[in-house]
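Note that chain A is present in both complexes that follow, paired respectively with chain B and with chain C.
The block that comes next holds the complex of A and B.
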């Protein structure tokens, strides 16, 4: 392009600087200043902000609820990864390999919960779990399992596992599509070669499909882990608010409670730092664990 | 012959789970619509069946007595302002990052992309006080700005990859004809990227329409509630008021626009989301 250096830099500044300023104010500054807040005791409303050094971190390590919130987050991570991957894989294989006529219909339906609001999903499922009117308990009664009915979200033991199902329900569609994309890229000749070697369908799945869509599987697992660690608190907040008796608090919902209900903003920021550190470590470890030679046939 | 019978069995064996999952996805949504037409008495007597007659009382009550009218309006504003602002900020940056060579271009791109993986929950505490300082706390325009910036990395990411597919020759010949780079960006690149712009805007709009947690933190008074907050409020109150029908009606208000967008732009949405996940 014919233009002077000065013009070029002016145009570059026009393109980049306003956006970067906004990004700095509303993303970079809050993240760094969150780190900074974690060294203060601060109730927010009054302007008395007291530097307390590492006190908040000491408190973090002595807080009995913290290990529970971390465990709850990982419980959701693990159950979601297993549940979503098995179901998404099954559906993806069924819809691509078995030439089902109504496959597009299934694809459209299964994906839809992915774009529903967490509020809608949470409220729907709260009602499904409702002890008196809900579908789960009525269903159990209808098949004669009255003993199994319980106030699902009101029970300290069952509330957290009950959150897994809505999360899987809402998550499958995206990963089904990701895996279907991977399967569609596998060349037919691979399956023909396997068939000539006498591999049955199960062996074909195990030795051809699975290794060749490993990149998609890896991305899906990473994506589920990241979005769960960074966002599990939303469904918790809608469905249980962390209760009963803290039995469903995850790191993010506990941060919300500490900062915005109890006005311990400094301590809330400390929990935020912990979330950041834990999710970064998890992602790095996971990338290392899922590393595997790229397979090509 | 035996083989085909076996195959048919396998097929129906695989169809059964697919059918059951379809039911699991559709039935709660379908039932939510039915519930919106039922009276409270019907909901208690027969929570999972059909209403005796379809009446729109719940919709009217939700709209007039439960502030759903205001919150639908607020949600529309937040969604529109957020989506437009996000585009205005993202298009020039995406273009510069994709087409202009300059020092630090790769670094800046990496910075934006890595922001997609950072848990923003840490930043929400300082952001709360920042908005208070700007007098934008409990303000739907403040929320719209926060939304726009929160989707900025994703939007830049999608737009750069779309711009990468446009041939450079068009821009070059326009520049040779004496068009300024601003003209090239506005009159050549933006129209050519329109498909990407539409895709990303639909996804941002659905995101903003659905968003709950930032609204919970940054909005306080009920006249500023977005739809998600208003519904959450009705839901919490329903434990005491038992206004379930109204709750379902307001859920229907929230979900219908999403269903409409999905039925029109189904391909764009699914494609955009899967590609965002793969590269993000």
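The block that comes next holds the complex of A and C.
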């Protein structure tokens, strides 16, 4: 039966319009509201607000803490991308290629942090880093490295690097599964051909596995970047609250502090606009940098 | 056909986008402040604009918002029950909890607030609420309020209410006082001297460090205002009186550069350099620092009266709470207490202001003040409440109450109003650096002056 033009449009409308309405209400409306509020001085808890034009944007450019928060975000982005991708790739290859008997068990173990709330992970790691009772300092003392012990989250130098470990730990599982899916789709004959040509394990990884799972790697990197820029504030908020002395504030946690602790909701909205712009630029740049011909053998 | 479909689809998309943009950018019902005072909002200062109870009869629904923190909610439950018995025509709706300030935010934003609000806990700021015009001006009404014995309420407070340009928007309910806590049993056991000024404080901390090998002083680095409100405010008051305290709170030019402020910050630096301040404090939230104190990892901690109640479940059996006003005062001068008042207020847009006023008047009685101490282990802001013979009141509170009422031992100072979060936050940031030994007193003062200048808008 041939579908009439009207039926086709009706079906398309049926599929698209509800989604688009939801998208508009929950994404576009907050987006434009945020933009709108960024032009006001508003405490966020009162009925009155004052239109201040671009004052909040001027303040943004003169705020000494903003450049630090951007750097902290990118520090987390860079370390997380490197850490998660290396670990996830390593584990994914090990679990698929090395024919380990306990592979399903490890898959569950590594994926486990992904089903935990980030808040729980943050609290857990706060205890691990506790200067007096924490596992890290106790472990260092046990192996005779007392000089290395320090209040990790309480040090202006070490607090930010200390946030990287839980973030990587929490992120490996999902990307490991994604990459395992990619590796499982590679035909065995590619490896056989490579072996006949005399390629060792490392060369097989480098010239067969890696190019063929590049789309998954690209998606993983983009996903880590976007989720870090938008969501790293949860772990910061739970573990350090942005301190000590702003040394761990990321853009999101600083937005939260301005909007909800200092009652500068309009300025908070301005920081939100900045996060949007920075995230967009970063993703566009990454798309460009990670552009690569699709490989098929 | 494809092109035609694309064209139609684009048209629909653009229309919807335009509608959303229009909705997003349209002014809400909420008035936008044009900088001029709104006549309707400001003419009615004593809240007589109520629609529900124009004849002065106390009846109808009364909504009360109160934060439940370290002091629990048992006192509130009892008072509300008594109030409903006294005014059978009033039905009280309680909005209470640890996150109630956040949960009720949308009600305040939409102009439909509860009638009575107890301002305490995270997410609440009396200063901000006054600046936002959310609280009723109580100046005239409060003058006529009397206690059960006929004494005027305004003359019966231990600590004066906060005023904003001379106007009264809230009445202080809880007399919270920050001070320094120690374990009396431990001090008795080791024979440590309880400090009474900064020099004896340093000397006792030295003894503790020599004897036990610990860093004696701890506070929370995640909430540095525990140190500023608990140690620095009393220090400013003891050295420079109400005037210096007010200058610091209001971010006056040069306040941090006065000789007194410089001396105080150098004292703090001295504590840090002597190794008396816990080097891990930057990582600690308030409960972690309090746990360390209870576990005897440290010997002194600045917290308010609520500490024993808040840590009741974790306090070791042999631990005996001892409270002193923070010993930052010079030798020979009385110790200083700066009350941190937790007020009760009526919303400017209260739906039932008559019942709200009746409730506020009902709460302020010496009977409920004594009951408050029994329930919470803290003090309600009313004078001449005799706690000494009440077996249900903890020992430390009786001692503290005696001290507060003895001007030779302790002087009470007042801040004009709480410090604005816009000033307190940058000061707190620098303070952590000073306590971690990453800033000198001189560098801290420089940063504090910059923060004050930013706050003044310079």
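We take it that the second predicted complex is superposed on the first by the 265 of 297 C-alpha atoms of A that agree within 3 Å, B and C clash if a C-alpha of one lies under 4 Å from a C-alpha of the other, contacts with A are read in each partner's own complex, and residues count from 1 in each chain.
Assume a contact is a pair of C-beta atoms (placed from the backbone, for glycine too) under 8 Å apart; a residue touches a chain by one contact, two chains touch by 3 or more.
All values derive from a computational prediction rather than experimental measurement.
Peer 1: Would you sort A:276 into first (chain B), second (chain C), both or neither based on which partner it touches?
Peer 2: A:276: touches chain B, not chain C.
Peer 1: Using the superposition on chain A described above, determine whether A:15 touches chain B (first), chain C (second), both, or neither.
Peer 2: Only chain B; A:15 stays clear of chain C.
Peer 1: Determine, under the contact definition given at the top, whether A:98 touches first (chain B), second (chain C), both, or neither.
Peer 2: Touch partner of A:98: chain B, not chain C.
Peer 1: Using the superposition on chain A described above, determine whether A:219 touches chain B (first), chain C (second), both, or neither.
Peer 2: A:219: touches chain B, not chain C.
Peer 1: In the superposed arrangement, does A:112 touch chain B (first), chain C (second), both or neither?
Peer 2: first
Peer 1: According to the stated criteria, A:29 is in contact with first (chain B), second (chain C), both, or neither; which is it?
Peer 2: Once the two structures are laid over each other on A, A:29 reaches both partners.
Peer 1: Have a look at where A:284 lands relative to chain B and chain C in the superposition and call it first, second, both or neither.
Peer 2: neither
Peer 1: First (chain B), second (chain C), both or neither: which does A:260 touch?
Peer 2: both
Peer 1: Specify the partner with more touching residues on chain A, choosing between chain B and chain C.
Peer 2: B
Peer 1: Just to be sure I read the superposition right, which of the two partners does A:120 touch: chain B = first, chain C = second, or both, or neither?
Peer 2: A:120 contacts chain B only, not chain C.
Peer 1: After overlaying the two complexes on chain A, where does the chain B footprint on chain A coincide with the chain C footprint?
Peer 2: 20, 29, 31, 33, 35, 44, 126, 260
Peer 1: Spell out the part of chain C that touches chain A in their complex, as residue ranges.
Peer 2: Against chain A, chain C makes touches at 1, 5, 8, 13, 16-17, 20-21, 23-25, 30-35, 105, 108-111, 123, 125, 128-129, 131-134, 221-224, 279-285, 288, 292, 297, 421-422, 425, 429-430, 432-433, 436, 438.
Peer 1: Mind pulling up the chain A residues that touch chain B in the complex?
Peer 2: Those in contact with chain B are residues 1-3, 7-8, 11-12, 14-16, 18-20, 22-23, 25-27, 29-31, 33-35, 37, 44, 87, 90-91, 94-95, 98, 100, 106-120, 123-128, 133-135, 138, 169, 174, 177-178, 181, 216, 219-220, 223, 226, 229-230, 233-234, 237-238, 252, 255-256, 259-260, 265, 268-269, 272-273, 275-276, 279, 283.
Peer 1: In their shared complex, at which residues does chain B touch chain A?
Peer 2: Against chain A, chain B makes touches at 11, 14-15, 17-18, 21-22, 24-26, 28-29, 32, 43-44, 47-48, 89-90, 92-93, 95-96, 100, 102, 108, 112, 115, 117-130, 145-146, 149-150, 152, 171-172, 175-176, 181-182, 185, 206, 209-213, 216-217, 228, 231-232, 235, 244, 247, 251, 254-255, 258-259, 262, 266, 269-270, 273-274, 277-278, 280.
Peer 1: Which residues of chain A touch chain C once you look at their complex with the stated criterion?
Peer 2: 5, 9, 20-21, 24, 28-29, 31-33, 35-36, 40, 43-51, 126, 129-132, 151-156, 159, 240-241, 243-246, 257, 260-264
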